[in-house]
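In what follows, chain A forms one complex with chain B and a second complex with chain C.
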Partner chain A sequence: MSAVDTVRRVLDTHGKLKTPAGALTEDDDLYAAGMTSHASVNVMLAVEDAFDIEFPDELLTKTTFCSIRSISSAVEGLLEAAA
Partner chain B sequence: MLDTWFGDPESPTLGFLHLPADGRVRGGVVLCPPLGYDQVLGYRALRFVGQELAARGFAALRFDYVGEGDASGESGARNAPELWMSSIARAAAYLRESGVENVALLGLGAGSLLANEAAGTVDATALVLWDPELSGRRFLRKQRSLFELTVGSHGGPSDPDALLSLKLHAEANAWLSAREITPASLPVGVDTLIVGRRANDENPGTVRLTSGLPARAEYRSVIGQEELLEAPSALAVLPEETIAGMGDWLVERFPAASVRIDPVVVDRAVVATAPDGTPIVERLRRVGPDELFVIETGREGDLDSGVVVLQPGAAEHRVGPGRFQVLAARELAQRGYRTIRFDRRVTGDTTEVRPGEPSLIFAEEWVDDTDRLIAEIASEDVVAHAGLCAGGWVAARMAERRSARLAVLFSPNYFKTAALRAGEYSDLTKSEKEGTRRFVGVKRLLRGALPGWAWPILSRLQLFHDPAVLLEASSRHAESTVALLLTPEDQENFGAHRGYAAVSRLQGRGADIRVTNYPYGDHSLFGEEVRSAMLADLLALVEETLPRSATLAAGSRA
Partner chain C sequence: MRMPTTITATKDARPLAERVAHVADIAARYAGEVDAAARFPAEAVDAMRTTGLLGASLPTALGGEGLTLAQLGSIAAKLGAACSSTGMVFAMHHSQVLSLSRHLGGSASLAILAGRIASEQLLLASATTELGIGGDVRSSSCFVDLEGDKVRLIKNAPVISYGSEADLVLVTARRNADSAPSDQVLVVCDAANLTLEATGGWDTLGLRGTASMGYKLNALVAADRVIPEAYEAISAETMLPVCHVLWASVWLGMSRALVETSRQYVRSAARRSIGSVPPGATKLVGLIAELERFEALVEGLTARTESLFDDRDAMGGIGYQVSINNLKVTASELVAQVATAALAITGISGYRNDGQYSVARIFRDAQGAALMVHNDRIIANTARLILVQKG
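Coming up: the complex of A and B.
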């Protein structure tokens, strides 16, 4: 499963989105799609669990969690750094 | 329900004891509150748990940890873990000294980590971990992330370790970080119920816990927690079924035989000492037909000073950012003023919790509550009102209704004198969340395009917010000062509604209106820097405008 697919699965469980993550493009604004700050933190923790990574403080911004692409990119960057 | 101070007289905490109607109990339950923002959102829910347990024959005790809420002490203490643990132990001891033989613990959120830790030492009969944080480290990362995502750069000169609604010393942080709820950490020989979120069923921590549960532990996966602890407070929904389930589970763990208990009620406590050695005393009261819960603070024996009435924002209480009221009350008392903090209807410890009860944010009922409070206990005094957001609106409305020497509005954003009806604020919040709120774009367009002469005419109809309406009303009495304390987002809103022009106009007519613009800070005052700055400004405004106690005034002249 790709990072994008995993992020979509996590969003469906924890994102509190008004529409399924599969119906969103990678660049759609997740906050506009209904994700709250609380939900974005739950998404963050679930993504960390799924990839066995930890988002550093500098990535704890709304920008990191604003779209499927931004989350996936952050994940890939952290996986690369850990490799 | 009984309101009482209890614990160590040197560091008392405040408790609320729920009892069955006939005063006979089958056992006791100590309700361990969460830490962080859950403490704010879960406050009324824990009160509802207390009510439900009392209906099932239990004595249920809610309390504030020393250093939190209305308890004595400072938050952020190095020995906070010791204070959390001793607060739980003293709550259990209070129940036992009242005549309760068997005591259970019930913790919510991070309160579960503390209840789990304490269960062995307080000899708990049973343990309920409700929506538990299974890892202290994960909980702290959550609070840290929430701070960054909700407050972020608005927080002010940054504290790189800031948490949302929680101040922790590094040593307390390390202690909490090391706490976990795992099969191995559950108390041995204690019946334990863990009630977790269904959305967390597949989390590694949940899987590890559920796959190795000891014989006397049970795990239930439930829905509805997010609607309680992750919704705006005006939209929170009580998970009634979950709460009933926990109550029923506890009933099965206690013998049916009941005993009459005899709890000691203490309505007065010394919570601090003034620099001259005078005790700072807090007294608990109930006022009016709704039995508003009130705490009066003052220097022992001094009854002749001005009175400051403090109110929180939204439908909140005095935990989290709302603790500014407790700090303000005790600081002002040391300076020779009396203060009153209280719960308005449908908040904190005033009025029983009813599922689905309407929020009274910006409703006339809260102005009426404050009015009744003043009439009953401060009608002869020189009064100041101070409050955050919705509390500030009540302060301004009180200055309009009765003459007040000072009204201090922290982060004001509602400028009509026309109140909302009960529940209307929740409806507005809901429609805004769903993107269905009407006329927002039209009003924004009108605000920008209206010529100067047309603005006051339309604003008098209160179709949109014009700060002039509220400020003119609240400053209309002689010798009345109105102070606005604005964070950057409130400055933007105030300016967009032509607030600065209104202030200049009213000042030109002789009104004493002050505006302080802070270069940083978030509307809700999660940021500690802005909260401290506003508190300091409140103290200065009170000292400038209100008479202090004759004892201190005479001392300062000498």
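Coming up: the complex of A and C.
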């Protein structure tokens, strides 16, 4: 499973989105799709758990969690740094 | 005894922050081993040497980097977060360096000696505590005895941190055989002119890497190694303030490390129970608030000391002395409280000696803070001071 698929799965469980994550493009605004800031914390924790990573403080911003692409690329960056 | 230093200061051109990060990495790597074996953190101190950190507090005129107290405190905190013992060695060393370099009293030979701290990266230790006198640092029983153009000094010192590793030991003693216990001088003794007969080991609860063994110290040094200025002034204007600021900085660094481990623990608990705030999170809020108070305390007293540092009257003034004594007492209590709170948050994971959420080593180290010059003694001294303080 690619990072994008896993992120979509996490968003379905924790994102409180109005539509299934599969119906969103990678660049659609997740906040516009219904994700609250409270839900974004749960998404962050679930993504950390799924990839066994920890977001450093500088990545814990609204922009990191604004789209499927932004989350996936942050994850890939952290996985690369850890490799 | 350590062999005479062979490392000639290879100038490390990297910026200070990089050199400090390098030493901190090494300190962190060996922290567990240093603690388990109760051995001197040789790797980290060697790294201080090769990066020039042992001379960094000296003014540039003496070959140092002229670091401010705030810079030294920031380094002490970073090293303390990585390995408490390494941080304490750094703090104790620089409090001795400044006690010498700020009180040369125009002596050319002491100035040359101070310059060697930078050019040869010498490590300095301190022998103030004396058997029978305990932690009353402003009182000595041993004395300086003239032998021709040299002076003999014999001191029964129950605790000298890294005494066997030091190149120079600064020793307090009475000025001569007839002097009162408080009429003290500070004598700079080369490892080469001194024998240290071990009288006690260092198998302790914490700060095990400081290797603070007991020795009978016997030194025969040139008479000009006795710093001319009274120890009373050196103590009030440099030794005590710098010790308290740098020790508090190390304890602050240890506290930051404890808070970081607690934070990671709480976040991992949150990942396992997504949607609910784990119970540790509430405690973590309180812990972070406590850390913020600690940061403000250390920053405030560091800045105040820095601003008064060259004003002899203000440094010796009662108002400042009360504050700098209180810094030591409060900071030592705070690091112990932070350690207790971190243990409560991390629970059995923190209690373990192994694993990524262990807080055990720093918890043990934190207990030493109140004892190194016992808080009861400091409070008793402060109580005497405030009786004569005016408004």
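Just so we're on the same page, the second predicted complex is superposed on the first by the 83 of 83 C-alpha atoms of A that agree within 3 Å, B and C clash if a C-alpha of one lies under 4 Å from a C-alpha of the other, contacts with A are read in each partner's own complex, and residues count from 1 in each chain.
Rule of thumb we're sticking to: contacts are C-beta pairs under 8 Å (C-beta built on N, C-alpha and C of every residue); 3 or more make two chains touch, one makes a residue touch a chain.
Bear in mind the structure is a predicted one, so any value in this text is a computation, not a measurement.
> Could you say whether A:Ser70 touches chain B, chain C, both of them, or neither, answering first, second, both or neither?
Neither chain B nor chain C is touched by A:Ser70.
> Identify the partner contact of A:Ser40: answer first if only chain B is touched, second if only chain C is, both if each is, neither if none is.
first
> Mind working out whether A:Leu60 is in touch with chain B, chain C, both or neither, as first, second, both or neither?
In the superposition, A:Leu60 touches chain B alone.
> Residues of chain A touched by chain B versus by chain C: which partner has the larger set?
Touching more of chain A: B.
> Does the superposition put A:His14 against chain B (first), chain C (second), both, or neither?
A:His14 contacts both chain B and chain C.
> Between chain B and chain C, which residues of chain A are contacted by each of them?
In the superposed arrangement, which is not itself an observed complex, chain A uses residues 14, 42, 45-46, 49, 54 for both chain B and chain C.
> Report the residues of chain A in contact with chain C in the complex, numbered from low to high.
Residue positions touching the partner: 14, 42, 45-46, 48-49, 54.
> Which chain B residues qualify as touching chain A in the complex?
138, 141-142, 144-146, 148-150, 152, 160, 199, 202-204, 226, 229-230
> Over in the complex, which chain A residues touch chain B? Could you list them?
Residues in contact with chain B: 13-14, 16, 36-42, 44-46, 49, 54-55, 57, 60-62, 65.
> Within their complex, state which residues of chain C touch chain A.
Checking each residue of chain C against chain A gives 264, 267, 270-272, 274-275.
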